[in-house]
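Once you've had a glance at the structure underneath, I'll fire off some questions.
Order of writing sets the chain letters: A, B, C and D. Residues in each chain are counted from 1.
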Amino acid sequence: MSASEGSFSKARLESFSDGVLAVIITIMVLDLRAPRSGEPGALLRLWPSFAIYLVSFFLTTLYWINHHGLMAQARRVTTGLLWANSGLLFGASLIPFATAYVAETRLAPFPTAVYAGLQLLCAVAFNLVDRKIVLQRDDEAFRRGARIRRRQNQIAVGVYAVSTIVALFRPMVAILLFTAVALAYVAPTFFEGREE
Amino acid sequence: MSASEGSFSKARLESFSDGVLAVIITIMVLDLRAPRSGEPGALLRLWPSFAIYLVSFFLTTLYWINHHGLMAQARRVTTGLLWANSGLLFGASLIPFATAYVAETRLAPFPTAVYAGLQLLCAVAFNLVDRKIVLQRDDEAFRRGARIRRRQNQIAVGVYAVSTIVALFRPMVAILLFTAVALAYVAPTFFEGREE
Amino acid sequence: MSASEGSFSKARLESFSDGVLAVIITIMVLDLRAPRSGEPGALLRLWPSFAIYLVSFFLTTLYWINHHGLMAQARRVTTGLLWANSGLLFGASLIPFATAYVAETRLAPFPTAVYAGLQLLCAVAFNLVDRKIVLQRDDEAFRRGARIRRRQNQIAVGVYAVSTIVALFRPMVAILLFTAVALAYVAPTFFEGREE
Amino acid sequence: MSASEGSFSKARLESFSDGVLAVIITIMVLDLRAPRSGEPGALLRLWPSFAIYLVSFFLTTLYWINHHGLMAQARRVTTGLLWANSGLLFGASLIPFATAYVAETRLAPFPTAVYAGLQLLCAVAFNLVDRKIVLQRDDEAFRRGARIRRRQNQIAVGVYAVSTIVALFRPMVAILLFTAVALAYVAPTFFEGREE
């Protein structure tokens, strides 16, 4: 097999990752069980399900956006990148489960800690993907961006770890905490100066 | 990170949106629970499920078609466009839930109002996406089209709002109302003069 | 809106259709409920589910293959083609429901007739897609192929109609009948002379 | 129909296969039923579900990676290749069922044997796809790679067959066995010398 044939196509890695993330973000809705009663109260009682669904939708969208941003910078698909990416997709694939778990137990402490722990796992996997791409690049402009991302990622990993502990005592606080950090750390990185 | 690397690919935004909409439109069928009895009556009793499934399939197809039409006109993906689009996908992702809710309660008033309210939300999000794209464009031909779309969208938003109220009293009338307006306002916009 | 911007992209129509068909063909498996008992007998009792799953997988694959063959011949996406295609996807989207219906009732007569009737609907929608594309083309080579396809399609529609009636009395015979015609009429059309 | 029009697009075969595999790998999570209790014990009792989910995610990722590697070498899509590929997708589409079956029965002997047997089926289908592509190629570099793959595949098929038998007596051993061989035989083939 020649080298050019053997090399993994970045386009196919992106489209597969897009496919997996698109399915993840969409099938979560199947765990929002529609009430059998038409009374408004039956719907309102589902508020924990909607709250965590909204958070999961937002976080998964962020993973997708950041994944896109990272992949745009990859030069080629190495084995390490491929498996780091699979690790990230594996973590992300469990989000619908964790979401349903938190929803079913109505934001109970342990399930919320599991949810936060899963986000921690995803952040670590995301960081791994980032490092694999950093290895391919030695231009200064890229490295500066990578340093900023790494610092942000360390903060995120730290906050997720703290949230996992906090969740055991105050689940709502933990959810607010990691949602806030997700909002804060990811948004500016890839979009600086690209707003109309 | 250089500007060109950082810019979000329109192709990937389209393909992710396509993926999400394709999954949404397809998984709704999982909420059509097959009867365990082979008697024709058991199937016929599911008519409200089929009716709302047909409406949801039609509306989601329209969102997809219009989404395609809009995206074709975007010059680039700005942060604002990206998040407006995510808002639209979030609204659309709840359609299978709202469909199951209306089906389970056999077109009960409150669930149908929730369904109409969700369509209202999607129409507003769609309008936001439109505006983000308008900001990128200043050619006259585009602006004329955008003005027509805005007027149509205002009518649609109005009708959806009315339907949400009407649904609380006459669910069937509300469903007919917003299905009719969807048919009326979207179809001619993007396809004028392109029929064989 | 300029003409070139307004025209619907064939690539996006194909990729959306691919996405919908890929989800349809895959989510059917969710209606194959795994037995809770590890005894071989529990699995064997599911044979009607596996039989109809195999048929549905095969038929949906055929729709996908033929859809690809047809789309490759389309010059552009007209409104008519877009909606004929949506009709086909709508019919196809109900295949998981019909499959689960036949499986749940263990090949009962009426559900099998509904299944056959759905295939009839899909074949008619497929024929509509074909006609919309024929309208775009006037070269002789294409028309010859189109005439052959139309004759085959008429046979298929006829056999599906007969199967729908037969299913009410002998469901197994009906399933064998439409599986056989699917095998016979589609395979040679698009692949003639392309085997290694 | 002219030859160029009739030939099946490799890109569309790849994107459809990607779509199917992306859905397969993601919907498996729907069979991980979230506990209704927030007690840690309830989650821990699900360990067999998580174990087999992890194995299935890994094996499906491998099928996707290898599928990509193979397809990159195909010259064109022949009928034989198309149907061999459909056979592989059919086998893969049953993985969520087999995973749920093993999970529901908590790694019971017969279900684990069925799971191993399904992997055997997939490996055979994969081998068929490989052979169809070999028929298109006569360059020496390719053939050398193909010979290595064939030998590896024969070993894998052998080990899967043995695992199927072993599972009837020692399910855990069988799972470790085919996971180990999957790890061993696939990894080096396509990635040699492509790590950073």
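The criterion applied here is as follows: a residue touches a chain if its C-beta (ideal position, glycine included) is under 8 Å from a C-beta of that chain, and two chains touch if they have at least 3 such contacts.
The structure displayed is predicted, hence computed values, not measured ones.
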Equivalent interface positions on chain B and chain C, same or different at half: different
Copies chain A and chain B - rotation angle from C-alpha fit, nearest 5 degrees: 90
Chain centre separation (chain A, chain D; CA means) in Å: 26
For chain C, residues that touch 2 or more chains besides their own: 15, 19, 22-23, 27, 30
Sites on chain B touched by chain C in the complex: 14-15, 18-19, 21-23, 25-30, 32, 34-40, 43, 54, 57, 61, 64-65, 68-69, 72-73, 141-142, 144-145, 187, 190-196
Residues of chain A that touch chain D when the two form their complex: 1-3, 5-9, 12, 15-16, 19-20, 22-24, 27, 30-31, 78-80, 82, 86, 89-90, 93-94, 96-97, 100-101, 103-105, 108-111, 114, 132, 135-136
